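First subunit A sits with subunit B, and in the next complex the same chain sits with subunit C.
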Partner chain A sequence: MSLEIASRIVAAPRTVVLSRPLKRMLILGVLVAIVVVLFMTLNARGNWGFVLRFRGVKIAAMALVAYAIAVSTVLFQTASNNRILSPSIMGFDALYVLIQTMLIFVLGAQRAVAIHPQVRFLAEVFIMVAFAGLLYRWLFGKSRRSLHLLILVGIIFGVLFRSATSMMQRMIDPNEFSVLQDLLFASFNSFDRQLLLLSALLIGGASLAAWRIAHTFDVLALGRETAINLGVDYQRTVSVILVVVTIMVAVSTALVGPVTFFGLLVANLAYLLIGTHKHRWILPCAVALALIFLIGGQLIVERIFAFNTSLSIIVEFFGGIMFIVLLIRGIAR
Partner chain B sequence: MIETQGITKAYDKTVVVDNVTLQIPAGGVTSIIGPNGAGKSTLLSMVSRLLPMDRGRARVAGLDVSATPSDALARRLSILRQDNHIGSRLTVRDLVAFGRYPYSKGRPTPEDMGHVRTALGYLNLGSLADRFLDELSGGQRQRAFVAMVLCQDTDYVLLDEPLNNLDMKHAVTMMQLLRRTADELGKTIVLVLHDINFASCYSDYIIAMKDGQVAFQGSPREIIRPEILRRVYDIDIAVHDMDGNRIAVYYSANGLVNGAAGGAAGGHAPREIIPAGNDRVH
Partner chain C sequence: MSKECAAIILRNTIPQKQFSIAVAVVAVCAVISLFIGVSNVTPALLLSRTEDSHTLQVLLVSRIPRTLAILLAGGSMAVVGMIMQLLARNNFVEPSTAGTVEAATLGLLAVAIVAPGIPLMGKMLVASLFALAGTVLFLRILRMVPLRSVLVAPLIGIMLGGVIGAVTTFFAYRLDLLQSLNAWMTGSFAGVLRGRYELLWLSLVMMVVAYITADRFTVAGMGQDFTTNLGMNYNQVWALGLIIVALVTSVVVVTVGMIPFLGLVVPNIVRTIFGDNMRRSVPWVVVFGAGFMLICDIIGRTLRYPYEIPVGVVVGVVGSVLFLYLLLRKDAHVA
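Entry: the complex of A and B
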């Protein structure tokens, strides 16, 4: 009898053994909590009410951006069935900057600024979705294209968008240019607070759209033909994903400007860490990693480097290395 | 029954499948043979809605493949293409379980898991079930994909060169398995095959394609004949009766286009029906 109880006690822990993804997610969750608490409290002097509100808004913006970049990159990679490309490598955020510049160029700074910022933002996002929708549907809608071609196209589009942007910036009136610069030089220290709520709403809407087709994500990752064989309405699903991705990229670019390799970094680390193909785990893992890097990175930049360096430089450095490693491994395979 | 009506596919001006009207009877094993670039895979892709057709229509079990919702078709028809590249890291069991997606939409029931076990057992993958796909040999991976398609449990199973990457033993096992699936479960199996002897030994019906069109169709006894094979493949192929099967021998064939082999006098067979410049798309 007592033996039986003893064996039951010994056996009991085995039933609560956590699966690997769950364990990793718990650790990541704790890390997220730690960086958030540290960010909110470290070196806080003076009025707590002010400090918490001030830093809270900053954290909210970073959380939004982290979420948008992580989710958009993972979904983009799922839809395009590769792990080397990301929306920013394909020139999505350069396109957004181009659209902003074009707006000033065509309307003039006076009229562009006179438009309510939220209306302008919505218009920009809308134009971006339309453009990107056309462009990337053409690229990814048909049967699988070679990865090398896609990288090449992405780089060329990126350069094209950036050169068109800089050409227009040279042509416009210097006064208008300074207005534009104000719009473009966003960072976590100077993002537009007015846009925060609207951004949250947009991302919420996009997430809802993604949630409704969430059951197709794992299947889509098997590639176009297998997905169609298993009954996924491929064209429609990929179109929805591209719209969702575009909205998220537009929002994150509007809030903090382009960050090329960050999405790639968190998405690939998430695949590595979580070790399952299920998006139910990959997506939260990528978001948690993005939160840790963004908030933790900002913490280091603010408290250790005392604002002497920019977070995007650090992020781009590590993200760029990751990209090269992935490319080399891809070629080796 | 699978019916096509005048289906056509062209890339720019190259017509790959040219106005093919065809009926594949329900039940049994049907093989599609023919030289490279004959349009076999393209035909199969259009019938299985992987590739939109330029003209014509295809119906599987009475369902128009261009008009029927994809998820409804996925419960009647499954297709496996040649090279399946998968980005994510999957175990064999994960992959096979995807075969149940048309029914469970990602929430497999115990019944679905039963199907998965059956399919794994059918293809002798039980011991490999928890291995990752990228740790397997090409042949093992191929079997895993076939298991997924069988797990989908559709009446119509279309396979594009299922013997790719398989050694002799596994190729024979695969063909026996497909034969058994057709006989015992009453499924309709359609294969694209390069090895005409497998087609000869295991099919009920053979469709020979050439230049985007159906050149010949009929039972193995009607198709595996020297005069027909020569017109399909442009080489002289001897056919022997062995243990009731017709076996084609082509390893030292004469009469290759351009005289690439057997240049000796008298080695050239007269070329028929093939107009110049038809040797395209490799």
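Entry: the complex of A and C
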């Protein structure tokens, strides 16, 4: 016993040097490196140049998605001052799929395919930002609504968007529908390589916009009244965050399709793990966790389940359970 | 209760005139529904008495069963929603916001894996056992939650449904049953033919049972203490209610597929007119539910004629819009 205490005293000065968040971040960094290396090298046969390039593109896409989902969820939770909402629970990604479908519905599949994919992608993102901006402005607008109402309304909006999407898909001529399916079908195994660079640029731009107001995040997390009291231009800041979040969701949905609970899982684990409310720690921690889960999860799905399942199903299962636990614990007040 | 007594109650509580108008409207829609479809069936053709029995055949084998199935499924789902809302004392609960439907689907999948050969009745019974278990699980979880808002119940139910759905999808994906799963998940009357919908008559029986025992549910809706005070066995009412809910849900899922939000929207609309007395509102709920389903199916059949949009999708759009309206109108949360 005394020996243990003594060893603790001896060890004490060292722990002071590395604060708890920093230590955890370092561990997470090492884990990220391990999954990346494993993903790149495991079961690799044949030409290394090809393997590394093939998997490198895949990892780049996953990294982009992980980053977009993690950052957008944390920022969304900061802006709406709670820990249970996430953009996808509020129906953002369902909205994006609806917009994709609507564009093809209005233009016709042949003409939609003829448009350069990058131009179409930009148009979709633009419509999405405008539309989501209006919708969520109205929802989060003047009258203060209860959090439970917001979540439920968001979920029902999601159902509405999904139903409207499938309604529109069935209104399209069955012959054209196959074209549409190719366009809409996105997963971690079949994302559009052409869009990767453009997505990176869009996310980079959004990150820059977020970076410029990053100093207000910690204050914003204190709640609307406090933030205004402390001199934050609340309306403007929240609007900027919403636009940033919308762009990130659009990009990640375009790349891999909707993954409802992933952001929620990652953000809440980050809060739990890092033990501080400062965004300079939470954001990188959430991104690191997202990378580990996404790449590690894909590794497991590909190598252990041999593609015989989909990562999003597993995420849905654990995310749903965690959501219920959050509700039971009364975190959503 | 004697027949006379029931008749008196009927006469006193239902505004006869409006009710007959409502029934007439649904009947007209039902007749219209008989004559919509790719195969040419018109009243004139039917009356012309040609040797061609094809028209009559289509009417008897496809159109009439379909219309009956729509009426039965719509009416019974609405009644089930109302029962759940009274028992849980929460206006935003119904089979698809309580994990019941998803549990029934999981049951169907289990049957498809373990014993694919058993008759429809057996499948339905297994599904209703699962539905029962799912609903009980939902109510258990609900008891653990600090209830601050009525909205927590549907939230938990939808999430529980998502979790059960994920399990179902996981196994369906691995065992190549995703297609059958999709059929159960989106309600459609396109596959309804004579010989493939008769199980739905069971839901008519359940509707009648619900009507006879309606007063018990009304009382149970006022809470356990109140119910016990009136000398009723609270748990018995609960058990009865849950059995009706599980049976009707699984019958509808087996024969038609999932119909989201109908059981939530219809009773809430009726409630704004007639209040919480179940016996008084059951006939209205049945008529509204049947009419709602019928109109949605007619929309689905005509919007992209000659193709068909499944009724589950149409109800999904219309139902979620109405649900949003119910949530966002001003005094929604007093309940």
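Note that in this section the second predicted complex is superposed on the first by the 311 of 333 C-alpha atoms of A that agree within 3 Å, B and C clash if a C-alpha of one lies under 4 Å from a C-alpha of the other, contacts with A are read in each partner's own complex, and residues count from 1 in each chain.
Please note the rule applied: a contact is a pair of C-beta atoms (placed from the backbone, for glycine too) under 8 Å apart; a residue touches a chain by one contact, two chains touch by 3 or more.
Everything numeric in this text was worked out from a predicted model, so none of it was measured.
Trainee: Looking at A:200, would you say it contacts subunit B, subunit C, both, or neither? Reply first, second, both or neither.
Mentor: The answer is neither, since A:200 touches no partner chain.
Trainee: Check the residue A:149 against both partner chains and state whether it touches subunit B (first), subunit C (second), both, or neither.
Mentor: Only subunit C; A:149 stays clear of subunit B.
Trainee: Applying the document's definition of touch, where does A:163 land relative to subunit B and subunit C: first, second, both, or neither?
Mentor: The second partner, subunit C, only.
Trainee: If you stack the two complexes on chain A, which partner ends up touching A:81: first (subunit B), second (subunit C), both, or neither?
Mentor: Only subunit B; A:81 stays clear of subunit C.
Trainee: Thinking of the overlay built on chain A, is A:31 touched by subunit B (first), by subunit C (second), by both, or by neither?
Mentor: Once the two structures are laid over each other on A, A:31 reaches no partner at all.
Trainee: Which partner, once the models are overlaid, touches more of subunit A's residues, subunit C or subunit B?
Mentor: C
Trainee: Return first, second, both or neither, reflecting whether A:127 touches subunit B, subunit C, both chains, or no partner chain.
Mentor: A:127: touches no partner chain.
Trainee: Kindly classify A:316 by the partners it touches after superposition: subunit B alone (first), subunit C alone (second), both, or neither?
Mentor: second
Trainee: Touching A:52 in the superposition: subunit B (first), subunit C (second), both, neither?
Mentor: neither
Trainee: Shared contact residues on subunit A, subunit B side and subunit C side combined as an intersection?
Mentor: Shared contact residues on subunit A (touching subunit B in one complex, subunit C in the other): none at all.
Trainee: Under the touch definition given earlier, write down the residues of subunit B that touch subunit A in their complex.
Mentor: On the subunit B side, the touching residues are 48-51, 69-75, 78-81, 84-90, 94-95, 98-99, 101-102, 105-107, 149, 152.
Trainee: Okay, in this complex, where on subunit A does subunit C touch?
Mentor: The contact residues of subunit A facing subunit C are 146, 148-149, 151-153, 155-157, 159-160, 162-164, 166-167, 170-171, 174, 260, 308-310, 313-314, 316-317, 320-321, 323-324, 327-328, 330, 333.
Trainee: Would you mind writing out the residues of subunit A in touch with subunit B in their complex?
Mentor: Against subunit B, the touching part of subunit A is residues 77, 81-83, 143-144, 215, 218-219, 221-226, 228-234, 271, 275-277.
Trainee: Provide the residue numbers of subunit C that touch subunit A in the complex, in ascending order.
Mentor: 92, 141, 144-146, 148-149, 151-152, 154-156, 158-160, 162-163, 165-167, 169-170, 173-174, 186, 260-261, 303-304, 307, 309-310, 313-314, 316-317, 320-321, 323-324, 327-328, 332-333
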